[in-house]
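Paired with subunit B in one complex and with subunit C in the other, subunit A is shared by the two complexes that follow.
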Partner chain A sequence: MTTPLLEVHDLQKVFPIADGSKVHAVEHVDIEIQHSETLAVVGESGCGKSTLAQLICKLLEADGGSVKLDNQEIRGLSTSQMRPHRAKMQMIFQDPFASLDPRRSVGYSVSEPLIIHGLAKRGSELRDRVARLFERVGLMASHMEQFPHQFSGGQRQRVCIARALALQPKLVIADESVSALDVSVQAQVINLMMELQRDMGLSYLFITHDLAVVERMAHRVAVMYLGQIVEIGKRAQVFENPTHSYTKKLLSAAPIADPRQRKERLLLTGEIPSPRWPAGEGPVRVEHVEVEPGHFVAKE
Partner chain B sequence: MFMANKAAVFGAGLMIVILFVSYILPLFFSADKFAYAGKRHTAPFTDGGPLLGTDYLGRDVALIVMHGGSTTLEVAGFAALLIVTVGALIGALAGYYGGIIDRTLMKVTEFFQVLPGLLFALVVVALFGASTTTIVLAIGVISWPPIARQTRSEFLKQKNLEYVKAARSIGASNARIILLTILPNTLPVLIVQATLTMGAAILFEAGLAFLGLGDPDSLSWGYYVGLNRQYFLVNWWGVTFPGLMVFLTVLSLSLIGDGIQDAINPKLRGR
Partner chain C sequence: MADKPLLSIRNLTVRFGTFTALKDLSFDLYPGKTTAVVGESGSGKSVTALSVMRLVTLGTRAEIDSGEILFQRKDGSEIDLIKASEREMRDIRGNEISMVFQEPLTSLNPVYTTGNQVIEAIQLHQGLSKQEAYSKALEMYEMVRIPRAEKVLSDYPHQLSGGMRQRVMIAMALSCDPKLLIADEPTTALDVTIQAQMLGLMKDLQDQTGASVMLITHDMGVVAEVADDIVVMKRSRVVETGTVYDIFEKPTAKYTQALLASIPRLGSMTGKTEPELFDLVQEEDE
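Entry: the complex of A and B
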């Protein structure tokens, strides 16, 4: 087996709170992503999946563990040391209304990574490259001069995808990137992302809470609960043979369009657990068992 | 855009007139402004007398007001430039980096904010002499804290928005994010603050000069109001015309500030 594109080992992030207690947002997370593979991370709000995405692309600094991109450790690198690695890994954010600079034309936003990394000279060369990126994501080159507020949500998310592609990354981290779009636009953007994967060999780390999106896009699925991965495996393994009790409940909560197939829901009961712990205490580290090849489940 | 905003166009027109009166007209009326021009306390619009009358020494009020404009505008302009540069820089660093840098810079800001402004400026000007440089510095030193606070709060608001995270994730340096990403987004606030600051600087300069801390050779508007103050009961025009110039200049600056704010905000374009 070849070296994975991304190897995350024992990653940890703790947010201190003024009263001395701590929120264990991400605890001992191990994941790997192969080239041209999509790993979806699913879980409820507050389970730490967005924190995980930000730790990997270094918008937040992890407290422990390692992140290897293309077999090179990137945790602990400074902003300038990190710059060459940035090109290999790009992020698409959740809210296309907030993730573009409102005072810059969308063409400028897409050209900025090329300028920062010195990949194109200003002038016609830069313009041409940005125009090609616009066409690649299904926008017209004539859109370049316009401002974000003149676009719809789906078009803005296409601009964000163009910006992410500008550096020709190998890994794209999508943090709830289609959740803010309505369903028909969502489908278009997902199709675009899958097409780009086929053509450019991209890998995706797809953070979402939408199981329908996971079913459509993901090769493998990781289920996150209270900062830990409780189940990870191929999509078919997790969807057809959910083993951890939380995964079962999560899958049973997803609506099925066919009334004949409706089954009794498994509901989560009791108080909603919190990732917040008093000083000196912390969550127990879960141990994983391999229930079938490539399908790991936390022991309960 | 700017042209569609009638108040702003009026402000800009007013500013052009003020600049014309202060910089172009003096080229044509280069007579000695201190020369005797007629019987003292001649009322304005008197036949045979100067247009705006004469002051308590028989000098031409119109001539002195015309020549005083450049002094007032230059002091205010340089002071506003100094205030906005220092304030924006300190506010940006404090808001962007946070933590110990923020706390230190904000303590410094608070120190300057609690200085009694006029008193401090009086002391500085009295100690180092009433030159344009010292007056600009005195106004600058006591006026930057509000701008720094405003810039800081804007940076605190903007720095966690996704477009800033996006800039970080494409590898932008901190300097680039501060200057090219966040600062342009704080411009609407800063420009309005800058024009208001310039108005405030004009008033402050007038205040200092009124108290006698101005350059007696260049006779700024405020200084001239101060000189004519004691003859107000017999000579209302000596105080009114330079005072009116101060009022109109400050008014035109705030109208222009509003207009620029609307014009550079892409969301308001084309409305």
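Entry: the complex of A and C
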């Protein structure tokens, strides 16, 4: 097997709280993403999935563990040391309106990474590259002069995708990138992301709470619960043979858009426990068992 | 249908200045049924709800141009909510028609305990003493399965989780035994496991109280799960109405077909190894 594009090993992040207790947001997480592969990380609010994404792209610095991108350790690199690796890894966020500068034309926002990384000279060369990116994501070159408020939510997310693609990354981290979109627009954006993967060989780390979307677009799925991965495997393994009790409950709770499939649900009773622990205490580290090739489940 | 509609919206047109938010809208809600009003952002779902509550014209430039909203009151009389006096509306809101919103934290007053707010609603509409209202509130909290109900009555909204806050909102909405509950995206902000609990709870409560529910949502999964009837809206208009089976299995409008084609359905990928593009239906623009 070839070297994975992304190898995350034993990654950990703990947030201290004023009263001395600590939130164990990400606990000993191991994941790998191959080239041209989509790994979806699913879980509910507070399970640590967004923190995981932020640790990988270094918006947050991990407390322990290792993150290798293209066989290069990036954890602990300074901002300037990180710069050559930045281009390989880009992010798309949930709210495209909040991630675009309202006072800049969207064309400028998409060209900025190219300018910062010195990949295109200002002028017609830059304009041509940005125009091609706009066309690639289903917008028109004439949209470049417009401002974020002049677009619909779906178009804005296309702009963000164009910006993420500007540096020709290998890995795109998408944190709830389609959650805020209307379903018909959501489907179009998901189709676009899958087409880009096919054409450009992109890998995605896809963070979401929406299991139906994951089923559609992921190659592999990791289920996070209280900062740890409780189940990871190929999409079909996790969806058709969910093994951990939390995965079962999560899948059972998800509504199915078919009125003939109303069912008695496996309800979680009460609420999910808090990942917050008093100083000196912490969660028990889960042990994983390989229940079938490539399908790992935390022991219960 | 044999039953007389509980609520009948007829030819309702609402304008915000030059923008027509609702255009000649007509549909009926039946007693004890859950009717889902679905559509994308800006299609007019929430304006419909606010029109029924007649909150749409309060402090806005909105004008109800024409139409009627006929509602069967608790006392057996029929009233047109468009023509009702503000005094009559105050008596109806929260008492005969109540509403649950998407974001419970912004619907609850942060400086009062949750119990305080529920008790206020009960006292206002039912003329009970403070002590009686407290007992009623406690009973409602237990009905919506809030654990440690007595403690939660004295909690402030920020001390509760999103799911608990939404339970408080539902308790408040049902405290006066309304005939119609309007729920505007009631589970959208909740996690899926909490959403499942909440949908189950709303269904149970509906069976107990016989209330009709108007469920406003964009989530077709939720609709398939709980709705009896569906109203599909697009750009201020009703596109199609029917039972949940009609709409999901024999959609006639092109828009409904396009909408359904774009929904990821859990289980639809069973047996497939590779991800698959959505087979989108091109919708003709009228």
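Basically, the second predicted complex is superposed on the first by the 296 of 300 C-alpha atoms of A that agree within 3 Å, B and C clash if a C-alpha of one lies under 4 Å from a C-alpha of the other, contacts with A are read in each partner's own complex, and residues count from 1 in each chain.
The criterion applied here is as follows: a contact is a pair of C-beta atoms (placed from the backbone, for glycine too) under 8 Å apart; a residue touches a chain by one contact, two chains touch by 3 or more.
Because the structure is a prediction, the values reported are computed rather than measured.
Once the complexes are laid over each other on subunit A, subunit B and subunit C both fit without any clash. Contacts of A:His288 after superposition on the shared chain: neither subunit B nor subunit C is touched. In the superposition on chain A, contact of A:Lys88 is made with neither subunit B nor subunit C.
By the touch criterion stated above, A:Arg129 is placed in contact with neither subunit B nor subunit C. With both structures placed on the common chain, the touch criterion links A:Thr38 to subunit C but leaves subunit B unconnected. Of the two partner chains placed around the shared chain by superposition, subunit C is the only one that A:Met217 touches, whereas subunit B remains out of contact.
Of the two partner chains placed around the shared chain by superposition, subunit B is the only one that A:Cys57 touches, whereas subunit C remains out of contact.
Contact comparison for subunit A: of subunit B and subunit C, C touches the greater number of residues. After superposing the two complexes on chain A, the angle subtended at the C-alpha centre of subunit A by the centres of subunit B and subunit C comes to 80 degrees, rounded to the nearest 10. Of the two partner chains, subunit B is the only one touched by A:Glu112; subunit C is not. Superposing the two structures on chain A brings subunit B to within 15 Å of subunit C, judged by their nearest Cα atoms.
The residues of subunit C lying in touch with subunit A in their complex are 40-41, 147, 161-164, 191-197, 199-200, 218-225, 227, 244-245, 248, 258-278, 280, 283.
Interface residues of subunit A, counted against subunit C in their complex, comprise 38, 44-45, 153, 182-188, 190-191, 194-195, 209-213, 215-219, 234-236, 239-240, 249-262, 265, 267-268, 270-272. By the touch criterion given at the top, residues 54, 57, 59, 79-80, 82-83, 86-87, 90-91, 93-95, 98-104, 112-113, 116-117, 147, 149, 160, 163, 166-167 of subunit A touch subunit B in their complex.
Residues of subunit B touching subunit A in their complex: 161-163, 165-174, 176, 181, 184-185, 187, 264, 266-267.
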